[in-house]
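Here come two complexes built around chain A, the first alongside chain B, the second alongside chain C.
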Partner chain A sequence: MSQELLQIHNLKTYFFSDSGKIPAVDGITLSVKRRETVALVGESGCGKSITSLSIMGLLPESGKIVDGEIIFNGENLVKKTDAEMERLRGNEISMIFQEPMTSLNPVLTIGEQIMEGIILHRKVSKQEARERAVQMLKLVGFPRAEEILSEYPHQLSGGMRQRVMIAMAMATNPKLLIADEPTTALDVTIQAQILELMREVKEKFETSILLITHDLGVVAEMADRVIVMYAGKVVEEAGVEELFEKPSHPYTEGLMKSVPSLEESQQRLYSIRGNVPSPDELPKGCRFAPRCDKAWDRCFASEPDLKEIAPGHAVRCFLYQSEEGNEPR
Partner chain B sequence: MTTYLIRRILTMIPMMVLISVILFTMVQLAPGDAFSGQFDPRVDASYYEKMREKFGLNKSPVEQYFIWAKNFVQGEFGLSFRHRMPVSDLISDRIGNTVFLGVCSLILTYSLAIPLGIFSANKPYSKLDYTLTGFSFVGYSMPSFLAGLLLIYLFSFNLKIFPFSGTETAGGGYEGISLLLDRLYHVILPAFTLSLITIAGYNRFVRSSILEAKQQDYVRTARAKGLSKSVVMRKHVLRNALIPLITLFGLDLGLLLGGAVITETIFTYPGIGQLYFEGIVNRDYPIIMAVSMISALTVLLGNLLADILYAVVDPRIRYE
Partner chain C sequence: MQQPAANLHTIEPQPGEPTTEAKNAPKKGQSPFQMAFRRFRKNKMALVGIVILILVTLLSVCAPLIASHDPSQADLYNVDAKPDSKHWLGTDDTGRDHFSRLVYGGRISLLIGFFTMLFTVLIGVTFGAVAGYYGGWIDNLLMRLTDLMLNFPFLLFVLFLISIFEKTTIPLLVSALALTSWPTTARIVRGVFLSLREMEYVQSAKAIGCSDWRIIIRHMLPNALGPIIVNATLLMATMISIESALSFLGFGVPEVTPTWGNMLNGAANIRILTQQPWIWIPPGAMIILTVLAINFIGDGLRDAFDTKSTRR
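Our next item is the complex of A and B:
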């Protein structure tokens, strides 16, 4: 059994519209080991969600994987049929989403929604599925689990709904849990509880987690390894400690600086100037160059490759690619 | 819920009183009365005066209203000027026909509009979808008298498949099941005429409701569980998409009688809609008042039913 549970190689996911193709994910490579938590970070619009939906095979109709492979547990998901993906989804790979308020069906009970996945994948009776659902609800912190089964989503708070989502996702004991901004929509105190719960669940089920977030606080607390994404590409990748100690890509540095810090009472919070370019109007050269304080001529002319600067630490930036005849601007 | 219901039903009483005052005023404001249109040279003018006296038409409008209201609450709907019969008898003879027509038209509406809407939503912007949109547009904008006449022309005169009037074959002597079939055979064209607008409107409504539900986050969650598209459609999308339709059912109920006036008249179908039409033509105000009141009551009850059904099918709605 290989150590890598998930290996994405050169994945390109494009949208096709009347105005042409939109490269939302443009050749990313990443891997998640067994029992590892990998954080995928980047500002909104960088292609994080589209990456996760590509893995799940749940892209919107106008989106297509045009190149690359997604090897999960030794099998290429890109090649799988709908039926094969359905057997995998919610079974070997589960996913939880950002909006706990809208991610549950308002007209079905919590019980029905947890049980349907169990019945589908475990081929058990309703009674057994019910028992499993109760067990899962207790595990995620509902002491009165039996009652919750017959309640509807609107009767629960956002944090409780996210717990239900976790119970639902973990009920089939998946190998990989993809969590797309699982705490972004929650209050800070609830966020901490949900993160704690995810850690517990991960230990108990020995699951790997691909955690998508734009919150470096969450990354520091949860991740083993971090992948920084910018405009559809990976710009930096490192172990969590290494990354916080030596953020190397100017984009990563910018992200770090924009985290509010408790010690220094900054008058104004730093933020990277400008916005993430929309994938249909990407700049020439390095995609970050127009927002970068350290950019020089070369950055606007061509795009740097992802290069390893230390074991397990890779950066896509000319600053780390010594070549003669170039002066910082 | 029970207190809510009682409160709702109690508030209907002042509403019905208000409606009756407005109706009565409108009937009074209309020029002439039941006898002013009858020019029969053989009849002495003093006869009409006597009749006006007899039916209380010479009294002041306010007095007339109270006389009418007092009788009405006692179940006395008055005498029809035209038929010289108690209005309650006229109505009880015909109301069954109208209910039958209404039920058939509702069944037609839902059994056609829902599947058509689903077909459209399965392949939006396809040829089938555009075709249905086109037909719905025509069906929605065509006045029902025109639709009725076209159906009669096509199916009764040209194709001779369906009868164009009545509720059953005269002298057919059918009983039991065969009577029911005979009545269904007679009711098909009027029921279709009556439901044309709702079929046209609802299938579009179902279509857009489904397309909207498909976009929701919970659908993605359901797919992420590994459920197939068809199961997600059945269990998650349709349930959410059809809820608003159930409330429309209650509202629709109240509008049926209005539609039945034209339809029954065109198909000379002896229901209370046709009775109402006659009543208006003849200025037979006891009939106008009685049928209008029935219609107002069905609208109010339909609204109440809509709210109750909403609470039944949607767990988010609870009435205190």
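Our next item is the complex of A and C:
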């Protein structure tokens, strides 16, 4: 068995609309090892969620994987049929969504929703599924699990619902858990609890996690490795400590600076100027160049490659790629 | 210096005052449907509607027990009789007991109303759900078909069927009505499904590996049930009045079988209208009463299911 659970090679997911094709994910390569937590970081609209939906095979109709491969557990998911993906989803790969308030079906009980995945993927009786659901609910921290089974989502708070979502996702013991901003919609105090729970569950089930977030605090808390995305491309990839110590891409640096700090008093919180370019009007050259303080002519003319600057640390920036007669300033 | 102390005393709770309102707290494990029905129970008009509908239904179901005569038994020695103790509502122009016909008439009207509603909803929900869930070309195809059927001359269709089959039967009438009235339901259901499709729990159901059909039936349909039930109720009322109208025009069920509609048809001449009000007022009143009752129920259900439009 290989070390890598998930390998994405040069994945390109484009959207096709009347105004032409929109490259939402434009050739990203990443990998998740077994039992590893990889954080996918970036601003809204940089293609994080589309990457996760591509893995799940849940792209909206207008979206299509045009190139690349997604190797999960030795199999290429891009080539799988819908029926094969259906068997995989919720079984080998599970997903937690951002909005716990709306991710549970209001007309089904908590029990019915947790048991559904178990019954779909395991050949078990309803009774066994029920026992498994109780066990999962206890695991995610409901002491009165039996009662919760027959309750409806509207009776639970946001944090409780996210716990239920985790119980639902983990009930079939998946190899990979994709968590799409699992704590964004929660109170700060609840966030910490949910992160703690995810860490526990990960240890217990030996699951790999692909964590999608824009919250660097969550990254520091959870991730082993971090992949920073910008406008559909990977701009930096490094171990979590390395990244926080030596953020190398100007975009990553900007992200770090935008986090409010308790130590230094700032007049005004730093923010990266401008907005993420819309994927249908990407700039020529480096996609970050128009917003970059360190950009020079070369950045506007051509696009840098992802280059390794230290073991396990890769950056897509000309600052780290010398060229004769055009040294970085 | 005494006054502040007196003020302090008033803060203490009065012995008679209730301290908690724990009894009003919602009970555990209430599904959204149970909550909707709790709201429904508070709607007086809807409850009146329910009572009337139950009475009318009971009257029709127990017709053999209530009716004093065979409703299709002609008695040519006793035509156009006035109401008396033997014939409570008199007899019609062939001597059939009018009261018995009225009681039996409800059967056909309710039966046709109910089954037409059932089939209309079945067709409409299926088309609407599939169109709304899949979208794209499937939606386009089904909705163009819906548009076509929406503009279909319904009366001509019924006339056409009658001329082919020579005789109108109840199944024929039900199918003719159902086949021409599903488009409205389909449109409503499609709209609901289009918005449900974007809900995160549908995405989340996909993420645990549910098939399309499972999502449509188990996850989306129950969430669309509110509007569907409301539509079905109002549809039944419409169907009862359409059946009556058709019978009145003579395109309904053959005259031997009594329905409220063809009882009115029998009363369609100036002599009966002016001189024998007991012939046409009772069936007319029954139709209005039933249709109104069902409409009240429908309104009540709409208020109960749609929490946003509740008038307080």
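Brief remarks follow.
Convention: the second predicted complex is superposed on the first by the 326 of 329 C-alpha atoms of A that agree within 3 Å, B and C clash if a C-alpha of one lies under 4 Å from a C-alpha of the other, contacts with A are read in each partner's own complex, and residues count from 1 in each chain.
We take it that a residue touches a chain if its C-beta (ideal position, glycine included) is under 8 Å from a C-beta of that chain, and two chains touch if they have at least 3 such contacts.
Computed from a predicted model, the values in this text were never measured in an experiment.
In the three-chain model built by superposing on chain A, chain B clashes with chain C. In the superposition on chain A, contact of A:150 is made with chain C only, not with chain B. Once the two complexes are laid over each other on the shared chain, residue contacts for A:61 go to chain C alone; chain B is not touched. In the superposition on chain A, A:243 contacts neither chain B nor chain C.
Of the two partner chains placed by superposition, chain B and chain C are both touched by A:103. Of the two partner chains, chain B and chain C are each touched by A:121.
In the superposed pair of complexes, A:272 makes contact with neither chain B nor chain C. In the superposition on chain A, A:22 makes contact with neither chain B nor chain C.
Stretch 205-213 is the one among 25-33, 43-51, 205-213 or 277-285 where chain B clashes with chain C after the superposition on chain A. Chain A residues in contact with chain B (one complex) as well as with chain C (other complex) are 56, 58, 86-91, 94-95, 97, 99, 102-109, 116-117, 120-121, 152, 154, 165, 168. Considering their complex, residues 28-33, 135-136, 199-201, 203-211, 218-219, 222-223, 225 of chain C touch chain A. Interface of chain A with chain B (complex): residues 56, 58, 82-83, 86-91, 94-95, 97, 99, 102-109, 116-117, 120-121, 152, 154, 165, 168. In the complex of the two chains, the chain A residues touching chain C come out as 56, 58, 61, 86-91, 94-95, 97-99, 102-109, 116-117, 120-121, 147, 150-152, 154-155, 165, 168-169. Every residue of chain B that touches chain A in the complex is listed here, in rising order: 216-218, 220-228, 235-236, 239-240, 243, 313-316.
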